[in-house]
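Chain IDs A, B, C, D and E follow the sequence of writing; residue 1 opens each chain.
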């Protein structure tokens, strides 16, 4: 049996004005378990808290009920008071007789009656309270960043800057991501490589950062502060520690006709290759699908020309397991395939390209050395048509396209149009748009410059059909402002393809038990207030894996994710919320219902041996709650049919007791 | 009525025991009366002499596998009617049975008669035989009486939902199809009544409950280690009801606990000594889940996620859900 | 209910089209092969029906110049299906008194010996009630 | 102590989630938006913590109405809790209705931390509705009234 | 293998070749077209309006006959195929089917409700999915080697894509694969799925001509020497367009390759 003290606060006249506090403390004194009851003008004041402390000592109280303002206001205060007087802070319950009683009821009689009932419910609950201690778990002071694009790079640099070691896992042979493929960046038109490559070098040179390029995460176990991650380092057949990146092998390899993915297949590379000049790490990689030596043991040219002796045809995939305290997902995006939009003749003509391909065509390091030339015949195009929203903003149930706005296309198209007109004033540039969306600093100004200074023809309407005829692309489109159909003989058509999360994101989300939306973007712990955290504790989101983003936004989010990681890694121990779910293993049927509804993946199942009353042992499948991961929502307790799962601090019997006290 | 005979099943059992596929068999044996057939475990070829099969083998033996499959030893042979296979799948989904330890032989079912319906019609039954669709009953005092078999079929068979075996290791006879049954007609009829009529209906039905717990004990979805109604710590412990509300509370909570997991096997109504149509509670949940969240049949596929532990962002609001009937 | 409102409801019901799904991108009119023959274009049908401006549509020749080629249905990113809407407006017109656009007597003069039966029956179905 | 009052007053139990609706109720208090004292609030971490058994228990012990308040769908502090609440309560309420129990006695309302006014208005309306139904006879446990 | 066959009225009149060669080639390819008894004209155009019941009855009767025969319903004419396939899809909607079935109950020989059970299959689909273009290629005796043939799909075979589900409506390959199977070289050109002008030919021949000319010119520009189609109206418009390109029915082309044409010459 508890020894409960009841403390009724007047809150000046805030409570005492409508509630007869004397009557309340008198009535509650008669409740079961109550050994002391009093009232005071301001319970939260130092003097009020002293009354509580003294009563705890004098009456050997084990539980406290404070009838006062909302627990959202002073629960923490009174818990501290109790703790300082030597009783467990979770033995305190608050009856909210101000916000939910005296302030909303005018009549003293009903106000007093209700305050008594609320006090009674709190007493009934405290009678069943048990001391709770938040769990402590140590934190591995190392972070993992999955994805080595600008989001991952920035996050890693910021974390490393705070002094914590960081590993980047990148599935491609080099870090850099999509930004490395871009030409200029909006709205300032600085060159992407000029601002990105120094950061890539910083990453390479930072002692706190390790790069696992050409690698993938294959397994994730553990929880916040204590993740165990298995990383697969794919065999690149070149020893990273020896290769100097001289590139001799990439010039001598006889396999020349392999589409170069870095230039989106618009030129070719060898079977041994370095994706681009500023690659980090700058080491060669052998493409096993095209290498003669690996396929049929005949060749070995690269090994012969490599003076460093870095080639290793016998290399195997390696697996290593590392410990991390926090994981940042930065898996980025890709343009969607255009094969379902053949009204734009993407598969029929080389001169219908995506915007990312256009970036490569304009890039000095691209397949044309930065000269804008038609992929089909290498001629200089005079008439260019840009089509916006290809695959974005489609009907939800459409089989092709995405329901969302891809966000970045309006701005990069304005950039493309502007750059084209700037470099080649002899061109005519048409942009077909549905809406021009420019909410960003200097964005609308940028778009207006494209129209006003560079004379780009912005036409509100959509292209219906592109027909390759001769060496022209006949574009048929609507002009909604002039209410006419227009026909343009274009030399190049550029499609602003919708962007989608990288395909690696979904299996990764499963490994991380992080949730995703129907479009495979990672969901945030809270869409407004916790935008860089996943609902899974210890997993953070950076960049376009969470939703379409431009570079400034990505970098901002990357920094925000890094600061959240730093905040976590700064702690030696994580203090949990003690109000967590707890299964009674003897009652658990092992049905997995709780596991299914847990939004945090905090519940797992183990086969456990139990000693039965008849002295036999029995192996049963039972639920286990990871208290470091559980956030205490209680959803599992209702999903549990046998009542085995309960929530500490809000136990079934406690809530039943409150209900009973109110309905008495 | 049944197309499979006892001998076919016994021969199959003997064969599987002999070749070591299984080391015990769950089937049925004779009870006190002709219509009173009860599930039983047979551990040897010899014991199989007592194995019976006929038109009163309605008992769903899936639930017995919860305990049996966790015991040491080899595989257990079990003969499952189509509707029993749904239960086995659901229990597999919930990790309540070890499917690897079970050798399930699917057997066709032509509908199983209930003893309680028979007892309502005649007294002192000596023997029962079915020929085609006619049931011949020999009684102690009234001689031989005949009934059409349909008179003795429970609702679950008259509105059979499926003749298809959703899981089996071996099949005797041909597999059937999922049927387009009228199993929700009765529920719809109730929904069309006024609230007062519904209240009166259920008051009439549920007040007969004697809390014998037979419905719970037979239910293949009720396999908790300890039932909340028996557990003093659950806050719901209630061994016997003291007034009419507690019956309602017991049955609502029981129906809610099995919602999304109940395969509609109808065992609850079969065993109820008070003839309470308990399946109408379960079917209400099934019907609601189908209309609100899309067609769902518990036990159809192993690993399916029941609607109560799932959601979509566009789900119906509770206020809309109760307006449907209006 | 006003007559226009009733007619609009009829059109929406018959066609099953929800014009509110339209995001006014103009792809339907960009794709329409018979655009130049039409006074009101596919995207206008969608917005005019939604706005309830039915009289000009009912009086327009455009009802009979839609080729029913369904390119607008196929390519609409929002699944609006403008051609179905045009057809519903046309049916509404033809179901009115003297609403037929062609009669059997009009046909012989318009066809040659090679004209397939298919074209004639289609024209009947499209132009008459 | 009991108040003798000629007028019948219903007993209403309100389950409020800690993050939105309980804060919404506090806001109603801060703004002094009155609603009947018949409403007694029980704080739960999330609306998904509300077991149907709690609701039935309240009715059994003499509550005349039970209302569950949670964050708006999509805004759950725990991301998905209220979606489960919505399903569970839709099914439970439909079942209670099926048993002939007045469906007006149960309600789910989404009240955010900013919606003090909505909280008060909801409680006023719910009290009025339940008061109009009169005492809960169909669900109460007579033993507990003695 | 027997299949139910719906020829349609044009194939009985102006497009007899389309029909004749379809039947003869089927024999060579090992299946038989069993003409649906007492079929009625499909009406040429599908009326998408949900309250148009009567215009769909003829199609439903043919579909029902195929269901009773337990066979897929094969069509050749694009227009018939479009009407019947879409009607069949509409019949899968229980509300619509209920209305139509209520109507059909007045038929003398009414047996049971029809709910879209029949598989509707264009002759080309049958060749691709059931016979296999590989098998067709094996039966070719006169390979059309060296001929540059442009496939003209028009609208009705492909759209609406979700219902017709024959091929990718923007980048179809079925006719090209067919042409390749016969040994000829398919010519891909952008106008192959643009409208020929259709029934506009009756009211405004000039407008129709403009459309069909743009199709045949596009094909010619891409190097085609002849056009192939499945639709009599498309063929009519393309022939009248004034282009030099010969326009053939696909069955005619098939007959030529299989040696059926010379056998019947």
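As a working rule, a residue touches a chain if its C-beta (ideal position, glycine included) is under 8 Å from a C-beta of that chain, and two chains touch if they have at least 3 such contacts.
Source: prediction; values computed, not measured.
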item	value
Topological distance between subunit C and subunit E, in contact steps	1
Where subunit C and subunit D overlap in contact partners, by chain label	A
Any chain that touches subunit E and subunit A	C
Chain whose average C-alpha position is farthest from subunit C's own	B
Chain closest to the middle [Cα centroid of all protein chains]	A
Most distant chain from subunit D, judged by the mean position of its C-alpha atoms	E
Gap in Å, rounded to a whole number, between the CA centres of subunit E and subunit B	53
Gap in Å, rounded to a whole number, between the CA centres of subunit D and subunit B	36
Rounded Å distance, subunit D centre to subunit E centre (Cα mean)	63
Shared interface positions of subunit B, touching two or more other chains	235-236, 308-310
Touching two or more other chains - residues of subunit C	71
For subunit E, residues contacting two or more additional chains	170, 194
Every chain pair meeting the contact rule	A-B, A-C, A-D, A-E, B-D, C-E
Residue ranges of subunit B touching subunit A (in the complex, touch as defined)	70, 94-96, 223-228, 231, 233-236, 257-258, 305-306, 308-310
Subunit A contact footprint on subunit E (complex, rising order)	162, 168, 170-171, 188, 190-191, 194, 218, 221
Sites on subunit A touched by subunit C in the complex	343, 389, 393-395, 397-398, 401, 432, 434, 460-465, 476-480, 483, 485
Residues of subunit E defined as touching subunit C within the complex	8-10, 13-15, 41, 43-45, 47-52, 55, 77, 79, 155, 158-161, 169-170, 194-195, 197-204, 207, 211, 231-233, 235-236, 239-240
Subunit A residues within the subunit B interface of the complex	584, 586-593, 596-597, 605, 618-621, 639, 641-644, 652-653, 656
